[in-house]
Each structure stands twice: as C-alpha cells, then as structure tokens.
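Each of the next two complexes has chain A plus one more chain, namely chain B in the first and chain C in the second.
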Partner chain A sequence: MDAMTGWWDDYFWASITVAEVFVCSLFFMVIFGLLGASAKLSSNAVARSLANTYTVFFRGTPEILVVLLMYFGSAVTLTAIAQLFDSSIRFVDIPPFWAGTIAIALVVGSYATETFRGAFSGVNPGSIEAARALGMSNTQTLFYVRIPEMWRLALPPFGNHMLSLIKDTALISIIGLNEMLFVAKQATSTTGKPFTMYIVVGVIYLGFSTIITLATMLLERFANRHVRRAP
Partner chain B sequence: MSVGIIMDAILRMLHGIGITFGLLGLSLAIGSIIAVLLLLMRISGRWWLSWPAQLYFYIFRGTPILVQIFIIYYGLPQFDWIRDSMFWSVLRDPFGCAIVALSLNVGAYVSEIFRGGVLSVDKGLLEAGAALGISTPQRFIYITAPLAIRISLPAYGNEIISLLKSTALASTITLADMTGIARTIVAETFAPYQIFISLALIYVTFTWIIQRTIRWTEGYLGRFTIR
Partner chain C sequence: MNNTNDPIIRLIEVSKRYGKFEALKEIDLDVRKGERIVVCGPSGSGKSTLIRCINRMEEHTSGQIIINGHELTDKTKDIDAVRSEIGMVFQSFNLFPHMTILKNLTIAQRLVRKTPKAEARDTAMHYLGRVKIPEQANKYPIQLSGGQQQRVAIARALCMKPQIMLFDEPTSALDPEMISEVLDVMVDLASDGMTMLCVTHEMGFARSVADRVIFMDHGQLIEQAEPETFFNHPQHERTALFLRQILRH
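Moving on to the complex of A and B:
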C-alpha cells in the first residue's frame, strides 16, 4: 500500500466525480423512465411506438457504444455548427461529464421504463376506482394513490437500476472524464503498480454499491411500512 | 458520407463477429459451469461453502465489469509469480483476459438466477422423491434441475443479452471485436453517427435473435405444461 502515498486525494476527488455523475444520471434516468412509461401506457399510437423504439434500441445496444455515440456524435454536430460561424474552429465538444451522464441515463432509463410501466399497471384497479368514488381528481389520484402504490412494486428493480448506473459510470473514463479508472491509469504509469491501483478502484465501487443496496433496503422498508405482514 | 461507405464499414465491422461471438460463447459456457458450482455451494447448507459463494456474488455484482477487466489485464502482470505461472499464456492475451473476466461475471449472475429456479421448485415433489427412496443427488438431477432450468430460462436469456453487450467492453483492452473495429473506423473517417448507429442496429438484431431463440426454447421445454 506504500505505492498509494500521494494518490489518495486524487482517488477521493475522482470518487466525488463518480458520485456527481451518479446523482445527475439518476435524475435523468427517472425522467426518461417516467416519460417512457407514460408513453407506453398512453392511448396514443405514435407515443407508444416511439417508446418501444427507445426501449428496444437502448436495451439491445452495448452501453459503451451509447457513451461513444453520445460524445463523438455531439462533438461532430457541434463542430459543424460552430464552423458555420467561425471556420477557424477545429473541435467543439460537450463536456464528457454531460455526454456520459446523459448516455448512461438513456440506457438505464430504458430499463426503468419497463419497470415503471409494470409497476403502474400493477396498481390495484380497485384503489383507483375507490379514489374516483371519493371524488379525487386525476392529479390527486396520481399522487395519492397511483404513485404510493406503484413505487412499492418498482423499488426492488429500481435498486438494481441504481446499481447499473453506478457501475456504468466507469465507462465514462473512456471518453476522458477524470474519474477513478482515469486516475488509476495515471497512477499506474508513475508507480508501476497496476494491481494496487485498480483494486482500489474496485473497492471504492464496492463501497458505493453497498451504500446503494443498503439505501434501497431502507427505502423498501419505508415504502412498505403500512403493509400488513402475514402473522 | 455515402451509403457505399456505410456498407463497407458494416462489412468491416462484421469481421469482428468471430471475436464477439467467441467471447460470448466461451464465457457463457465457462460461466455457466462456475454458476453451477457456486449454486451447489450456495444450497449445500454448509456455511463454509455458502458464505464464500455469497461473498463472490457480492463482489462481482458490486463492481463494474470494466474495472474487473482492467484488474485482470493490466493489474495481474504486476506479480512475478503470475508471469511465471501456467496461467500466463491465458492472461498475457487480451482475449484470454476478457474471457476470464466475463466468465467470472456470468458465473456470479447466473448462479443467482439458477438459485431462484431451484428455490421455486415445489417442495412436495422433492418429498415425493424422498418417499420413493430416490437419493439426494438423484433428486437434484432428475427432479430439481429440469424444473429449475425451465423456470430460470427467461432470466438466463436476459443474462445472455447482457453478456453480449458486455463483450463490447473487450474493445477497451485492444481486442478487435465489432466495437473495437467500429472505433478504429470512426477514428479514420470521423463519422460517429453512421458507424456507431449501424453497429448498434447490428447488436439490436442479435439481441432480437437471442430473445426469439430463448422464447422458442421456453415454449419447447414447457410443451408438457398444462395451461
């Protein structure tokens, strides 16, 4: 572990970056998932087929390919646009942080779409009828009946989606984000101790996953606090 | 960029199909063997067998495959005793490293899938088997396994699809699988949309074929089931 001297702070800041990517992509993942689910459940055929294309494409494509496509694709487009105004510009890109965040959020969002769709259709129709009978509006039904009931069903797979997200953050190092794998690579070239450097990355990721797993367990307990258990 | 160039690129990328499917097939086979061993450890009822299996699952589920690949490919050569060992011929080669990493991963996930299948087998059937005087290993082979395989097949199919997607990570350790070739072409032509989207569609097609095959197999295995 002597080789680690002087690198701890780099790993610390890199893991902060990973946490930032995770939080931002979690936010977008939920949005994409909810949009996809509502499109899939809507009566509009165009929305349904768009959502189907979305899930089929992103669930069948390797994550690394989506990350590369997002980063290099946006770079080509932005460079072309920039050159319209100033032909001396050689290369414009969106920051790897955002390209990567959006890319992994899109991928995991396609899985979340299916989860949310399943959870919304798993809500007991009786509860919704009861809400109608009590004169609740559609919005009220959504927030007081549908969502509290659906998230109980959605939480266990949602925990897995969060695990996928944290693990996919590792992919963003290939488009040059200064995160843990990137630090490990630099550290290896100075210290010549690749195993030590990459194992530390693995251990930090294991820590993140453990926190997420525990948080999901607590959330599940909280969501199910009203549910009566079999005696 | 014309259609002709895209067609050329697709043909070039399809040259990587051998490596992609070599990775998929080999690591699926080795991984499934690891999975069965882990499963037997898990359901053995002996803590000194089931705890290591659980720890294994915890470690492999909690770390990115990319990190595992890097630990194996870049990390292990740090030790002289690995370079002197008989495993060096496998670990020296990026293909071998990718196989090792992917197999270990598949082993972890598939053992969990199989465990779900085994646990869902009706206890009454096993009791009936015991009443007929069938030994424990035979009960496992003739009663539990056929039912558990059928039950875990859909999840197993999803695992094959994630494995197909994971093989693309091998391009990060210089392997020329389909993704690796695509990255080379993009570096040459700088046409990311055309190349990467065509490749994505190729992967989607393979995913679809795997899904169909699994669904057909499910129907075939379930042909005696009364609906």
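Moving on to the complex of A and C:
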C-alpha cells in the first residue's frame, strides 16, 4: 500500500465526483423513468410509441456506447453550430460530467420506465376511484395516491437501478471525466502497480453500493410501514 | 336556485352501453332531497352501474342525468366539484392504504375543500366519533377489521359534507358479524335526513329504512314501490321471483 502515498487525495476527489454524478443522474433517471412510464400508460399512441422507441434503444445498446454517442454526438452537433457563426472554432463540447450523467440517466431511466410502469399498474384501482369520487383532481390523485402507492412496489427493483447507476459512473472515464477509474489509470502509469490502484477503486465502489443497499432497505421498511400489522 | 320540490337527482331515459352490451336501458328516476332509496336486483342487473353513473364514475351513453339542477355531460367543467357533493361508499372500502385513518379523512377536505388543517382534523374526529371508532385515528387501514374500515370509508365520505350518499353494496365484502355495525351507521345517517341511494341485499335494512325500493333486472328498472308494497305485493313476476329467491332461507 506504500504505492498509494500521494494518491489518496486524488482518489478522494474522484470519489466525490462519482457521488456527484450519482446524485445528478439519479435525479434525471427518476424523471426519465416517470415520464417514460406515464407515456407508456397514456392513451396517446404517439406518446406510447415514443416511449417504446426510448426503451428499445437504450435497453438494447451497450451503455459505454451511449456514453460515447452522447458526448461525441453533442460535440459534433455543437461544433457544427458554432462554426456557422465563427469558422475559426475547432471544437466545442458539453462538459464530460453532464454528457456522462445524462447518458447513464437515460440508460437506467429506460429500465426504470418499465419498473414504474409495472408499479403504477399494481396500484389498487379502487384507491384511484375513491380519490376521484371524493372530488380529487387527476393531478392530486397522481401525487397523493398513485405515486405514494406505486412507490412501495417500485422500491425493490429501484434499488437495483441505483446500483446500476453507481457502477455506470465508471464508464464516464472514457470521455475524460476525472473520476476514480481515470485516477487509477494515471496512478498505474506512474507507479506501475495496476492491481493496487484498481483494487482501491473496487473497495470504494463497494462502499458506495453498500450505502445504497442499506438506504434501500430503510426506504423499503418506511414504505411498508402501513402494511405491517400492529403487534 | 332550484325549487325545494325539484328532485335532487333526476335521470331521464339514461342508457349505458359497453360495446354491444346494454348495462342500463332508458332508466327514468327522480330522487327527492332526503329520500332513502334501496336498489336491488340480481347480479349483472345494472344496479351498480346506475349509481356509478350518478357521480360519473361511469359515463352514460345517452339520456340526461341532472344533479341539483346541473346536467352531467362531457362538457361538465367541474366534475370534481359535483363529485365532492356526492359521497360514495364502495364494496371493498378503498381506503388509502398508505395514509393513517385520520389522513384518509382529512386529505380530500384539505385538497378539494381547502379546509384549514385544524378544522379538517376536527371534522374528521367528529365523524370518526359518529361511526364510533375515534380511537383508531392514528392507525393504518390494514390494522382495522373490515367493518371498521367500512365505517371509516363512510366517515371519509361524510367529511366532505355531501348532499347525497351513494352506497355500492357496502356490506357484501364483510363477515356476517360485522354487517350490523355498518348498517347501524347507515341507519343513523338515514335518520339524519341524508339523501341516500343504496345498492344492497340487506332486505331488513330496506324494509326498515327505505322510502322506496327499486328492483332492476337486465339493465331495466322493473319496479319501484314503498317497502311495504314492494315486499308484500310485488307487481311484477320477476320481482316476486327475486324476492322468493333471496328470502327463502
């Protein structure tokens, strides 16, 4: 472990980056998942086929490819636009942090779409009917009845989606984000100790995933509080 | 506004189709304010569909439904406002499982009526007291018996201070020993002057509480009469047959 001397703070800041990517992509993943699920459950045929295209594409292509396409695709597009205004511009890109965050949120969001869709279908139609009969609007019923009931059913697979997200953050090193794998690669080339450098990355990721697993357990216990009978 | 003698619910030639199946065939019905009506009939006769059309949980296909002078149509802008005046009690209770009993009773008051929190809570406790389970306020629905859940469901509807209460087989999902506790609440409500439409097979309740009993079969309103006449001198053979079947044992 002597080889680690001088590298600890790099690993520390890289793991902060990983945590940041995780939190941001989690936010977008939930949004994409909810949008996708509402579209799939909607009576609008255009919305349904858009959502189907979304899940077929992002569930059917390798995640690393999506990250590359997102980064270079946006860079090519932005560069072309910029050159319309100033032909001396050579290259414009969006920051790897955001390209990567959105890319993995899109991928995991496509899985979450199916999770949320299934969970929404699992909500007791009687609850929805009762809410409507009390005069609650569609939107109120969605936020106060359907989502809270759906949430309990969605949580176990949602825990898996969060684990996917945290592991997918490692893919963003490929577009040059200064995250842990990126640091480990640099450290390896300097110290010539690849195993040490990569095993540290593994241990840190295990730490993150353990926290996520525990958090999911607590959330599940909270979400199921009304299902347990009184002792 | 409308005259007090005008019916609070008026159905004119109301029909409802599901594809080719006619669930309701040209139903005419007037309900006066404060009237207590029991709807009975064999399963599939359209009695649930009838009361579900009254708060537009189902949309009728033709005819007119007029509630308190307002006709229910596709263009009814504020169907939510109409619904909030009509309480509904379901066969399967349909309490919100993730909310405490108190929250079940306050949520619609807060969201639909914009009642201040303390007032909504007081109203909820008042009606929980009326259905005789105020001590269950902080429990979750699953912790209550079926009879208690149904009483909570009635209290939840009453918290909106509705002008009409619809009951869709409120005791059909209950164990026999719990039926009377729910019927007691309904009798109490009836003696209070609430306009009630009850789909039920509780003929004892119909006999003692109803102002009018309606018999439906195959989507048609076959017969309606005061309970005395209805039970003792049914006019139609189908009614008589139905009564013989359910009262045999």
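Keep this in mind: the second predicted complex is superposed on the first by the 228 of 231 C-alpha atoms of A that agree within 3 Å, B and C clash if a C-alpha of one lies under 4 Å from a C-alpha of the other, contacts with A are read in each partner's own complex, and residues count from 1 in each chain.
The rule we apply is simple: contacts are C-beta pairs under 8 Å (C-beta built on N, C-alpha and C of every residue); 3 or more make two chains touch, one makes a residue touch a chain.
These figures come from a predicted structure and were not determined experimentally.
For the composite obtained by overlaying on chain A, chain B and chain C can both be accommodated side by side without a clash. Comparing chain B with chain C, the partner in contact with more residues of chain A is B.
Residue contacts after overlaying the shared chain place A:65 against chain B, while chain C stays out of touching range.
Contacts of A:131 after superposition on the shared chain: chain C is touched, whereas chain B is not.
Of the two partner chains placed by the overlay, only chain B lies in contact with A:168; chain C stays clear of it. Within the superposed three-chain model, A:81 lies out of touch with both chain B and chain C [touch as defined at top].
Superposing both complexes on chain A places the Cα centres of chain B and chain C at an angle of 110° as seen from the Cα centre of chain A, in steps of 10. Within the superposed three-chain model, A:140 lies in touch with chain C and out of touch with chain B [touch as defined at top]. By the touch criterion defined above, A:194 reaches chain B but does not reach chain C. Judged by the touch definition given at the top, the superposed model places A:227 against chain C, while chain B stays out of reach. Contact with neither chain B nor chain C is seen for A:211 once the two complexes are overlaid on the shared chain. After superposing the two complexes on chain A, the closest approach between C-alpha atoms of chain B and chain C comes to 27 Å. Overlaid on A, the two complexes show chain B and chain C touching no common residue of chain A.
Chain contact summary for the complex, chain A toward chain B: residues 56-57, 59-66, 68-69, 72-73, 75-76, 163, 167-171, 173-174, 181, 184, 188, 192-199, 201-202, 205-206, 208-210, 213.
By the touch rule above, chain B contacts chain A in their complex via residues 58-59, 61-68, 70-71, 74-79, 161, 164-169, 171-172, 179, 182-183, 186, 190-193, 196-197, 199-200, 203-204, 206-208. By the touch criterion stated above, chain A contacts chain C in their complex at residues 124, 126-127, 129-137, 140, 144-145, 148-149, 152, 225-227, 229-230. Those residues of chain C that touch chain A in the shared complex are 55, 57, 80-81, 83-88, 90, 92-100, 107-108, 111-112, 139-143, 153, 156-157, 160.
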